[in-house]
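We just call them A, B, C, D and E in the order they show up, numbering each chain from 1.
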Amino acid sequence: MSELRTENLTISFGGLTATNDVNFNIKSGEIVGIIGPNGAGKTTLINLIAGIYYPTSGKIWLDDRDISQIPAHERSALGIGRTFQLIHPLEGLTVLQNVMTGFLFAQKMGLKQAREEARKLCKTLELTGLDRATGEINILETKKMEIAKALATNPKVMFLDEVMAGLNSTETLEAIDIVKQIATERNLAVGVVEHVMGVITKLTHSVIVLDTGRIIASGPYKEVAQNERVKSAYLGGGA
Amino acid sequence: TGQQGEGEAKPIKFGGVWPLGDITGDQAAKAAQLVVDELNANGGLLGRPVELIVIDSELNPEKGAAAIERLATVEKVDFFVGGMSSGVHLGQIPSLKKYKKVTMWTGAASSTAEAAVGEGQDWYFHLHPWDYNQGNSYVEGWDDIAEKYSNISIDRWFLAYEEGPFGSASFAATQTLFADMEIDGEAFQSAAMGGGDYTAVLQRAKDYNPDVFIWAGYGADALPIMEQAKAVNFTPPLFIGAPPGWPSDFGDSSLAENVTLYGMWAPSISKVSAVSKKFQDAYEAKYGETPATYFAPLGYTSIEIIAKAVEQAGSVETEAVIKALKAIQYESPLGETISFSPSNVISNQGFRNQKILQWQNGSQEVIWPFAFATAEPAYPFTR
Amino acid sequence: MNKKKIYTIAGISAALVLSVILLIIKPTILVYGIQRAGIYAAIALPMALVLGIVHIVNLAHGEMMMVAAYLSYFICTTFGLDPLVAAIPTGIIMFFLGLIVFKTSIAHTLEAPELNQLILTFGVAMVLSQTVNLIATSQPRKISLDYVSASATIGEVSFGIYDFIFPALAAVFLAVLIYFLKKTRIGKAASAVGQNPRGARIVGINVDLTYTIIFSLASMIIGVFGSFFITKFSIFPAVGGTFTMKSFALVAMAGIGNLPMVIGASLVLGLAESLVMSVPHGAGWTPMIFFGLIIIVILSRSFRSKQ
Amino acid sequence: MSSTVQKNKTWPVIFGIVGVIVIILPFFTGPYVQSIGRTVITYMILAISWDMLIRSGQLSFGLAGFFGLGSYAAVLSAVNLHFNPFVSILFAAVVAGLMAFLVGAVVLRLRGMYFAITTLALGEIFRIIIHNWTSVTGGPNGKLLPKLAFDGASIPTYAMMVVFALVIIALSEYFKRSKIHYALTAIRDNEIVAKSSGINIYKYLLIAFTVTAAIQGAAGAGFAQLYGFVTPESSFNANYTLIPLAMALLGGMYSTWGPVIGAVLLGVLGEFLKLYIPYGHLVVYGIIIILVLLFMPQGIVGMAGKLLKKGESHE
Amino acid sequence: MLELKNISCSYGRMPVVRDLTLKIEEGSTGLFGPNGAGKTTIINAILGLVSLKTGSISFRGIELNKLKTHERVHLGISVVPQERELFPLMTVYENLIVGGQNVPSAREHVEKTLEEVCEIFPILKERFEQKAGTMSGGQQRQLAVGRALMAKPKLLILDEPSLGLQPSIVHDLFTILKDMKKDVSIMVTEQNVRESLRAVDTGHIMENGEIIITGTADELSNNPEVEKAYMGL
């Protein structure tokens, strides 16, 4: 059982406060949606938790340990996994090798074990053709690889930043199942960023809504979607 | 090492290593070829044809050393000649010591190279003066001049030296040699090494107010240093330059007038030396250009002196040739007649002197040694 | 933003204070420092253009300057021109020479891994310097010019004033380049090309033309500088080599892509070197100042940008 | 861009066999070829070490600096502490490695051209200090080694260099086959992604920087042991940076065999051209570098790899 | 307006577009299909970023095959690439200006177009001085669309424009595109066609490098097969 908690988390880039006094928590077994307009600060929140940025103020707790000042690679080893919205596969490595990195470094395995584990993981994700270069695989495969890379670090808490974007509906449904299955199997805490509300309703137990860096609403999606502020800031007329 | 003459057809081989991309090495190699041609035109050596194989050192110690290895084992030469830079020579010395063939070296002034050769290497002949030889000869020269021309005063010295081995060694040597005189110095970055700004050095020299100002750098420094000296209004009574070679067009500049220089040779020596004239004429006839550096007559010397010794010894056997070389009195195209005698470390040192010359009317005139003098010194230096 | 301003103001005032002190103690230090800085800046600017805007590390930079200097030398000796006049034809010829070099070689490696251009231009540098060596030999050459010894005397001290032409030249280069980059379309497109050639194509930029023009323009500036170079320095085939690294160092110190700062970096180096050289027996340490300052500036900027 | 992933196992084997032949051959051909061989190996070692670091994306111009530092460390330790040749080479590796380790803390914050120019400047600073510290280093005149390794005998010294090369090749292959490969490649491709996979970027860069500097220092020490002297001009010569870089790029980056092949090719070519074109051979050499790059942008190994799976060109 | 005749493209030996013929009329067209169908490849072929194995492409009667990318853009084809292809170190403002400056016919209108674009994407105006590379994913996509509009194209091609956009903006975007098609012809690629069908007149559905269904927006929305495969979430 793990819990990740942020406490008054804030970061500013120059004059812009991209994450503003965010208090957020997520526990094992939960899937929490993180939604909000473009530029609301969703990716920034993930980057703060993962250690890509250090907060201007506020703290991040992982099971009562303050991790807000330790470097990213250590957080990865401690159990924070994440995917990237703008995907940058490691082009110098094959698909399998991409997946191996997490086993090798976050879990500190040897080469042989890492290779086996990576194979196993890819198999559960139905990702094949593992010796191909990353430039040769299609989007669905790339997304699966991203998820596999995050899982390879053996996370307790995992963030998925628009992994479903760019998939068609069948693929998206498939991806939703995969994520759900993994989350229960591994008893993960999962944070999901998506702009497709269908995914949010199907996947998450609850959501937080960010706008200009602040949490403006939280709760089950059905409730939140009725919130006028959320409607006007985010969903617009069409949804 | 030896080779059994199996008949007249087998040539006597000289192996030369010079930096062919540099004007010094280029002209030394050409002058060396000139001797070989002359020898062959006269029926060869000991009735055998003479051959010269030159390999480029590329101013690189590894390449220079490989060239020695090739000449020794693939070309199987009888004698080694060549040499310009001390740095390259240092890399070649281990190889040369392995083969111990008669070696006649035209370059390397650094006494570090002499230390690397070490004592008791009878096969090693060094033509170029060592750094301390050069220093000594200046002391001697200026003493002579001061004695002869009472108006020339040379008590206070300032030496501007390039900060590489060439200049630094000169400064160190000069400081010890001229210990009884007032002497100061300052390094500058030679244009050859990417520098070319002398204002700081000149300013310091000017403040010091010396009787003699010497700069030890490269040809590339020559004219700019004069121009900048003029700009800062620095006019010492004696303005001496000591680069290994001068730019081709230096004499054309009005600033050249009465600049004193150190050198081993100048075209004007042909006025007082028939051997030098003969060499110069032959070189011009063959290559259509006037030799621009003293490495040309040195390259010529390196081959001819061995050829003379071989003739005297009647053999190319190392022992015999060494013996003949040790006894030789060779009238060189550089003017003087040389013989070999021990220097600080090695047993066979050839030239020891630099000459003191002066730019007068666009050409270099010899003012010391008085035996070769082609002109009287102009003093003091004016502009 | 605020911090940046404070740094800038602190930097400028420190430089001013230092200058005033120098001016009082030893005015020649300032004079020579500025003159040195002018030479540094003038030669580094075209490299800053090519490196900063189109991301080509041109290892043949110094050699192109050398070729320009020889060109100018031969133009001067053949037609009896003054190098300052020959700068015009030399600049024009170098524009086309740059164009040829670019079109025949560099243009074909733009799609290849970035470092290929480095070695390609290394090859070009070799070909240029060795060809000149074959044609002109290694013997140095220099045109003797009276005006370069022009001198001024203030109180007790005399110093050369001709060299002020170099800071002036650098200022002209900078003005031309800034104008080109800010006011012309190709200039404005150039930085887009540098950042993302594919994106540049997509917005309608003629990428190949942009590269070609930038490289040729830089060559032209190098050409003009080469002509000025022979007024002060001797030339020989290897003369360019050190200027490649010096320019590269200056550009890095200024920050890649930041042309005006090249002048700033040059001033810092010029003055510092001039100061060290004025200390008796300090000359041996001038290169240390050069490289030491480069490291310090680059590192301090990296520390600041991380904050 | 095309990928740099190498999946083919036959190439290393072929290159290995050719390499063994190239390495063994000089034993039967005499001192001249052996001396060329030693030089080629020196550059080969430098080229491999440069490649080992560029695999992390860090472009080093500091080869000559560590090379020179190593050669001085070897000579000074041999003169003053009477180290034997092998110990002096190890000592030089330690000195250069330690120096890299110490400066690494700050220098490794830099990337790209800034890293490149800073490593170059560091090398120059080593040179300038050695140049001016005359009492210890001999200043501009340099220092002599009292006794060469194996007294300079041709075959043993060549054998020594061959062993040296094999050790470095093995080390480079270890880098390619171990965890380090994954770390360095990830750092090169994207540091943020690398961090998020748990890679301690600084640690792995420091390892690579220290090890390659130690190799460069050892190469310099090898040079000093072969030729018996050091001077600031020759030991810190810019050629020790530029030529290995050209060799690695021509042979093909991110592999062991690229630099090896590049070194053999360029090294032998340079010597060959010189013998047949005494004047102007460097012009031809330069032209060949240009042509190879124009027509084989991926280097020789990359090109060979492509020919092997021919037809699969991109675009 | 744009005609692709029997074109085929491949990466290495793998054919990606096979003998495809497609006519894009004035108005707006949708190109739909799953991942890897070859949509992006077709767009790259139109731009000349991928070479044709066979066939030809012409735009308003002008044969494009021999033209370089920028010349094609000058003819009035503007693309919002799937990967955005922004200039990350330039500011938002500079990105937009570059978009308008380099197409001769758009140059004079830069200022006016800029205003129009800012009206559509107000965030861009707020962030004029921000470096494009530091914008959020969705902001970058808006910038990419804005930049393409700056070229005042005759044909605007958008490659999966809704990727990463917040729902309200997706909605607005297609409304805008619908309005815009009076002045500019539009071609959109999408995987999920529900929103985009609102904006297009005709649609083509492709799979595996070939076009399998063509029809008007209405026909497609009523086609049960399309409904099942492409209108999901």
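What we mean here is this: a contact is a pair of C-beta atoms (placed from the backbone, for glycine too) under 8 Å apart; a residue touches a chain by one contact, two chains touch by 3 or more.
Computed from a predicted structure; not experimentally measured.
Chemist: Touching both subunit A and subunit B: give me those chains, sorted by label.
Modeler: D
Chemist: Work out the mean Cα position per chain and let me know which chain is farthest from subunit A.
Modeler: B
Chemist: Between subunit C and subunit E, tell me the centre distance in angstrom, where each centre is the average of that chain's C-alpha atoms.
Modeler: Centre-to-centre distance between subunit C and subunit E: 43 Å.
Chemist: For subunit B and subunit C, let me know how many angstrom lie between their CA-based centres, rounded off.
Modeler: 37
Chemist: Roughly how far is subunit A from subunit C, centre to centre by C-alpha average, rounded to an integer in Å?
Modeler: Centre-to-centre distance between subunit A and subunit C: 48 Å.
Chemist: Do you know which subunit B residues sit against two or more other chains?
Modeler: 21, 163
Chemist: Spell out, as numbers or ranges, the residues of subunit E touching 2 or more other chains.
Modeler: Residue numbers touching two or more other chains: none in subunit E.
Chemist: Mind pulling the residue numbers of subunit C that touch at least two other chains?
Modeler: Subunit C, residues with two or more chain partners: 130, 241, 284, 287.
Chemist: Touching subunit A in the complex: which residues of subunit D?
Modeler: 1-5, 7, 177-179, 182-183, 185-186, 188-190, 192-201, 254
Chemist: Show me the residue ranges of subunit E that touch subunit C in the complex, using the header's touch definition.
Modeler: Going by the criterion above, the answer is residues 47, 49, 68-70, 73-74, 79, 81, 85-90, 94, 97-99, 101-103, 147-148, 151.
Chemist: Applying the document's contact rule, which stretches of subunit C touch subunit D when the two form their complex?
Modeler: Where subunit C meets subunit D, its residues are 51, 57, 59, 105, 108-109, 111-113, 115-116, 118-120, 122-127, 130-131, 134, 241, 245, 248-249, 251-252, 256, 284-285, 287-288, 291-292, 294-295, 298-299, 302-303, 306.
Chemist: In their shared complex, at which residues does subunit C touch subunit B?
Modeler: Result: residues 28, 32, 36, 130, 133, 137-146, 148-151, 153, 158-162, 232-236, 238-239, 241-243, 246, 274, 277-278, 280-281, 283-284, 286-287 of subunit C touch subunit B.
Chemist: Hey, which residues of subunit D end up touching subunit B in the complex?
Modeler: On the subunit D side, the touching residues are 30-32, 34-36, 38-39, 42, 131, 138-144, 148, 152, 154, 223, 226-229, 231, 233-234, 237, 239, 271, 274-275, 278-279, 281-282.
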